[in-house]
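First chain written, first letter: the chains are A, B, C and D, and each begins at residue 1.
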C-alpha cells in the first residue's frame, strides 16, 4: 500500500497542528498573519495538486481500497482547498469578532474540517465515510459555536450538534445493516454483491438510513430543517464553509454511495430522487420569499440549491453527475463572494438584516457589484457561473426525460423553472436593497483590506471564468463523472 | 408618350416644396408661400404642356416597381388618360387659384409657412390619387389626403372646436378607408392583381371571376368614396370641417378632396356590377336630398355652402350609380369651379366682415364689396343651374342620365333637390347682399385686396364658361366607346336637344328662386321656422346624426374599451396575476412556520422525514 | 473577425471601459457611450449596405468553437431576416444613448448597463447558435431590472420592476427548456442553427417532439413579446421605465421572441407550426382588438404608447401565423419599423416628462404651441402608429394584411378594424388632448428641443421610418429570399409560398 | 433457549427506538444527548452481533471507530452544552428559540 497517496491529507493536518502550536508563540495582534501563512501553504498544496505531481494527482487506492484517488476526488479536493483558502481570508477579516485571541484555533479547526473533506472526497468505504463525515461534523460543532460571546452562535451550535448526532446515529445504524446483510463495507466490493440483495428490505433500509445521514449534510428535504438556524447563528466564515465544504462533502459521498456502491438499487429510485429534489427546491425558495435576515435567506437558498444539485443526481446519468459537479464548482465561488461581502459589510451590525445593505452602492461600488454578481449568479442568469450550471443540469434532466420517457423528469424541470423564478424575486430583492434601498442610516465608505480585495477578485474571476469559459472545467467534471461509473 | 417625366415632376414638386419648407424656410412666411405656390402653378403649366403634347385622347402608363413580394406586386405607377389629365387640370388649376388666394387670406397668420407646407402636402396627395394606376397606390394617397385634410382642418389647433373637427374628419374617413382596404384585399384575393388596367382586362376576359362577392366587393370599395366624398351615412364630418381656414374649405371640401371619391368610382367603374351601382345611386340621391334639406336652415355662411357641397356630391355619386360617369365627372369639374368660387367669395366676405360668419349679421354687402358680389352672383347662378352658366349644363346632363336610365324616382329627387338648391342659395344671397345692414360689421365691411379678388375672377370665368368648352368631350372619350366630339356651338345648345329634363330643371330653379325671393328679400329674421315648425328644427339640427353616432358608434367603442380596460386591470392584472403572486407569497409564509426554532420540533420533523422516506420506499 | 462581432462588441467593450472611468467624469462617460453606439450604428449601416440580397447562406459569418463537447460555438452571421433588425437595433441604441441626457444621477452605472443591454441584444440578433442566441438576450435582464428600479418613475415602480423581471424570466426559461429539448430531439448534437436545420431536412423531428416543443417556444417567446394574454407586463414596465431603457426594450429587445419564432420554430417544427397557426392568429385578435381598446382607455401617455406597442405585436404575430412569404416578410418589416417607432415614441414621451414632470394626458394640452419640434415629431409618431402611408409601419402592416388575407380572412378584417379605426381613434384622441387645444398657463415655461444634439435622436428615428416607408424595397429585397426559404421549410412546399408573376388564375387556385 | 441473531437485532432495534423516543420526548439537552449515545450504541450492538454471526471482524473494527468518534463528539458536545448553560442558566430546549422562521 502506498501512503504517498494521502500526503495531501497528512500535510493539511500537519499544517493545522503547526498553526495550533504557532498560536502559543505569536502575539495576539499578529495572529491574523498565521492565517495568511496557512493560506500560502494551502495555495502551494493547491498548485501542486493542479500541476498533477501532488499526491492527489496520482490515481490509485490505499488502505485496502478504503481510500481512493481518482478524477472525482481530485476535482473535489481542489474545490475544498479553494473554499478553505477563501474561508481563511474571510476569517482573517472576521477575526476581531471571534473569541478574543483564539483566531489561530479557528484557522486550525478550519484546516481539520478541510482534512475531513479531503478524506471524504476519496473515501471508498463506509468506515472511511463515517470517520470523515464525523471529522467534518465535529469540527463544525466547534466552528459554528465559535462566537461564544454570541448566544445565537451557541444556540446554532447546539442545534447542529443534536441534529447532527441524530443523523449520524441513523447513518451508523444504516451502515450496520448494510454490513450485516452484505458483509461488505467497501463500495467497490459492495457494488458487486448489491444486486443479490436488491429486494432485501433490511439492506434497503440500511441504504436509506445512510442516505438520511448524507441528506442531512446536504440539507435536502426532509432533513433541511436545521439549515436556516445554523446558517444564521454561525459566524459568517463558518456559514460559508458550511454552505460549501460540508455540502460538497455530502454530495461527493452521496455520489459515491449511489453510483459506486449501490447503483443497482439507485436505478429504481428515480422517482424518489425526483420527488426529493422537487420538494427541496420548492421548500427552499418559498420559505426564502419573506426572509429579511440575509444569512438566513442564504440558508434557505442553500436548501434550494441542494435541490438544484439533486437534479444532477436524479438525472441518473454521467452528464447529470458532471453537471452537478460543474454547478458545485460555480457555487463555491458564488457563495464565497456573497458571504465575503456580508462579512465586510455586516460584521459591525447587530444583525444581518437586508436593510443593512441600503446605500451600499455608495459606500463601496466594488462590494455592491460583487454582491449583485453573486446574487445574479445564484439566480442563474448569463453570463455567470450559475447560469451555465443550471443550463447543464436542465439539459441532463431533459436528456434523461427523453431517453426514459419518464414524465416525472419534465415535471421536475418545470418545478426547477418555477423555483428559479421565485428565487429571482428574493435575490433581486437584495439587489434592489443595494441600489435603491430606502433611507440608509450609514453612508460611510467601507475600506477593504488588500487581502480581501484579492479574495474578492478570486471569487469574481471564478464566477466569470466558469460562466464564460466552461470548456476546461467541463472536461474535468466529465472525467470525474466517468471515474464514478467504473 | 411624350414628356414622360413631366407627370412625375407634377406629382413630386409639391412634396419637394413640403420638404423644403419644413426643413429650411419655416422662418419666412413669404418664401415658403411662394415656394408652395410656385410648385402648384408649375404643375399647372406642365400639365398644359403635357396635354397639348399628347392630346386628350391619349392614354398611357408609366410605372416603377415599388414592392414585390412573391405574389404581391405593387407598382408605383402613373396612369394618364382623359380622366386623370382633366383632374390634373382641375387640381392644379383650381388649386393654384386657391393657393394664390390664400397668400392674401392667411397673410396675417404667424404660422403661414406651416399652412402652405400642409397645402402642398395636400396637393401632392391629391395628385397621387389622380395619377395612381393601382389600388394600393391610390389607397396610400387616399390616406395621405385624409391626414393632410386632418392637418388643415386642425390648422388653428388652439381652438378646441378645430381640434375636434379634425379628429372627427380623420376618424370618419378611417371608417371609409376600412371598407376600402377590405374591398381592395378582396379584389386582390380574387383577381390576384392591383393594377387597374390588369384588373380591367382580367374582368373583361372573364367577368365571372368576382363571383358571388362581386356586389360586396363593389360596396366595400364604395365605402372609401363614402368617406372621402362624405356620402350618407359618413357625411357628418364635412360640415364640421368648416373649422379650417376658408381656402382649405374651398380647396379640400369643395374642389378636390371630396371629389376624390367620385373620381375613384369612375376610375374603378369596371368593378361594379348592377346591384352595387343601384344601391350606390340611391345612396347618392338620398345624400343629395338630405343635405339640401339641412342647408335650408343653416345660418353660417360657410356651412350653408358646405351642405350644398354635400348635396352636389350626392348628385355626382347618384349619377355614377346611374352608370353615367361622364355627366358625373362633368358636374364634378364644373362644381369644382363654382363651388371653389363660392367658398372663396364667402371667404372674402368673411374677411370683409372681420371673421363674422353668421349671415344674419350681414346684409346689403353688394355696395361694400362689388367684386365679391359679382363673383358670388356668378357662383350662385352656376350652382343653381341657370343657363348658360356651367352648372346648368352639368346638372342637365345628370337629369338626362337619370331619365335615360328610367330611374324616375331619382329623377324626381334630382329636380326637387335642384329647387331646394336654388332656394337655400338665394336665401343666402338675399340675406347677405340685399336688405339693410344687420350689424355694425356689415356697415364697415370693405372689399378684399387684389391678390384675393384676382383668383375669384379667374374662377368666375370658368364657372361661367365651364359648360361649353368641351369638358364632356374629354370625359366622353374616356368612357363612351365611340364618342363623337361636339363643337362648342353644339355643346352650347346641347341641353335643348331633349327638352323635358331641361324644362324640369329650369322650372325647379324658377320655383326655388320665387320662394327665396318672397321669403327672404329684406327679411330681418328667418320666417321659415314658424312656417315649418318641427321640420325646421330637424333641419337645423342636421336630423340629429351627430347625436345619433355619438350615442351608438362612439359610445359602443368607449364601452368596449372600458370593459377591456376593466378586464385588464382587475381580472388579468388584479385577479390572476395577483392570485399567483399572493399564493406564492402565502405558501412561503405558511411553509416557514415549520421553522419554529424549537429543537424538539426539529428532531421530531427529522424523524418524521425518516419515517416518510422509509414509507415511500419500503412501505409499498 | 466579422463586422457583426464589432457591432455587438464595441458597446460591450465600452461598458468594460466605463468600469474604470471615475464616476465624476460625466462628460467623458457620456461621450464614450455615445461614441461606442455611434460606431456600431455606423458599422451596422455599412453592413446593411454591403449585404448581398439573396446570396446563398449567411453573410459576414464567423464561427469560433466554444464548448466542443456540447457543440456550442460562437457563430454569428446575417441573412435577410436579421440584417434589418441589427441595423434597427444599432440605430435605436445610438438614439437611446443620445436621449440619455435626461439621466442626471449615477450616469456611470446607467451607461454601463445601457451598453451591456445594447451589446447583448445586438449579439443575440446576430448569433446563429441556439445557446448564444439565448445567452446574449438574457444579458439584458439584470440591466433592465436595475435601470427601471433606480431611474424609473412613478409610485408603482417597485411593483412594475419586479413584474417585468419575473414575467420576462418566466418566458425566457420556458423558451430555454424548449430550446434544450429542441437540441436534444434534433439529434444533431449541436447548437448551431444552420447545422440543425440541415440535419432536420434529412431526418425531421418526430411529431410528438414538435408538438411538445412548439408550445414551449410559442409561449416562452410569446411572453417576451407580450402576446395576449401575457401582455400586461409591457405597458406597466414601460410606463415606469426611463425612456432610454423603454426605447431599447420596447424597440429592440421585444423583437427577440418574434425573431426566435421565425428563425427557429418555423423551419424546425413545421407540422406543429401549421397546426398551431390558428391559435396564434386568434391570439392576435387579443393583441390587436382587446389591447387596442385598452389603449383607448389610458389616461397616461406612456401607458397608451405601451399598450399600442403591444397591439402592434399582434400584426407581427398575424404575419407569422399566415405562414406564407408575404405574411412573414410583412412580419419582419413591422419588426424593423416598430423598433424605430417604439423608440421614437418613448423618446418623445421621455422628453415631455422631463419638461412637464407628468404624462397624465389630462394635465397636458396645446403643447404644439410651445414645443413645435417635439410636437411635430409626436404627431408623426402617432400617425405612423396608426399606420399612415409614408412610414415604414404602413408597408409592413399592409403586407401582413395581404399575406394573412388568404390564410385568415376573418382575423385580417378584425385586424384592419384595429389598425385603421381603433388605432386612429386613440392616436387622434391623444394628439387632440396633448398637442391641440389651448395651452394651460403652467406650461408657458416649456422649452423645445433646441440644439442639434437634442434633435438628432428624434430626427434620426423619423428619417429611418420615412426611408423604409418610401423605399421598402431596401428591406424587402433583402428579406424575401430568406423568408422564402423559411416559409418553404415551414410549409413543406415552395409553391404556396411564392406565386411568381401572380397571374390571376393561380391565385384563384390557391384560394380553393 | 437458543439466542439467534434476530434476538440481538431486536434488542438493538429496541435500544435505537428508545433513544429515538428520548430525543423526541425529553426536554433537557443532556438527556437528549444521552439518548443519542444510546442510539449509537444500539448500532454498535448490531454491528458486534452481526460480526459475531457472520464470523467477520470488520464490524468490530468499525465499532472501535464509532466508540472513539462518539467520545470525541461527547467531549465537544458537553463542552458546548455547558457553555450554553453558562449563558442561559438553562439546558432546556424551549429556551433555544432565539432564531426561528
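FYI, a contact is a pair of C-beta atoms (placed from the backbone, for glycine too) under 8 Å apart; a residue touches a chain by one contact, two chains touch by 3 or more.
Everything quoted here is computed from the prediction, not taken from an experiment.
Chemist: Between A-C and A-D, which chain pair is linked by the larger number of C-beta contacts?
Modeler: Result: the pair with more contacts is A-D.
Chemist: List the centre-to-centre spacing of chain A and chain C in whole Å, with centres computed as mean CA coordinates.
Modeler: 43
Chemist: Please tell me the distance, in whole Å, between the geometric centres of chain A and chain D computed from their C-alpha atoms.
Modeler: 27
Chemist: Starting from the mean Cα coordinates of chain B and chain D, work out the distance between those two points in Å.
Modeler: That pair's centroid distance is 97 Å.
Chemist: Indicate the whole-number Å distance between the mean C-alpha point of chain C and the mean C-alpha point of chain D.
Modeler: Each chain's C-alpha centroid was found; their separation is 65 Å.
Chemist: Could you pull out the residues of chain A that touch at least 2 other chains?
Modeler: Residue numbers touching two or more other chains: 158-159, 162, 166, 170, 228-229.
Chemist: Would you pick out the residues of chain D that each touch at least 2 other chains?
Modeler: Where chain D meets two or more other chains at a single residue, that happens at 23, 29, 32, 96, 98-100.
Chemist: Residue numbers in chain B touching 2 or more other chains?
Modeler: 592, 595, 597, 599, 603, 607
Chemist: Output every touching chain pair, sorted by label.
Modeler: Inter-chain contacts occur between A-B, A-C, A-D, B-C, B-D.
Chemist: Under the definition above, what is the set of chain A residues touching chain B in their complex?
Modeler: By the definition above, chain A touches chain B via 158-159, 162-163, 166-167, 170, 201, 204-205, 208-209, 211-212, 216, 221-223, 225-226, 228-229, 269, 272, 275, 283, 285-291, 422.
Chemist: Would you tell me which residues of chain D are touching chain A in their complex?
Modeler: Within the complex, chain D contacts chain A at residues 9, 16, 19, 23, 29, 32-33, 36, 39-40, 42-43, 46-47, 50, 54, 56, 58-59, 61-62, 65-66, 69, 72-73, 76-77, 80-81, 83-84, 87-88, 96, 98-100.
Chemist: Write out the stretch or stretches of chain C touching chain B in their complex.
Modeler: So the residues of chain C in touch with chain B come to 163, 229, 232, 236, 290-291, 293-294, 296-298, 324-326, 329-330, 366, 368-369, 383, 386, 388-390, 394-395, 398-399, 401-403, 405-406, 409, 412-413, 416-417, 420-422, 424-425, 428-429, 431-432, 435-439, 472-473, 476, 480, 484, 497-500, 502-508, 511.
Chemist: Can you list the residues on chain B that touch chain C in the complex?
Modeler: Per the stated touch rule, the residues are 65-73, 136, 139-141, 143-144, 147, 150, 154, 157-158, 160, 162-164, 166-167, 170-171, 174-175, 177-178, 181-182, 185, 188-193, 202, 209, 557-558, 560-565, 567-568, 572-573, 577.
Chemist: What part of chain A is in contact with chain C in the complex they form?
Modeler: Of all residues in chain A, those touching chain C are 361, 372, 376, 381-383, 387, 391, 394-395, 398-399, 402, 413-414, 417, 420-421, 424-425, 428, 431-432, 435-436, 470-471, 474-475, 478.
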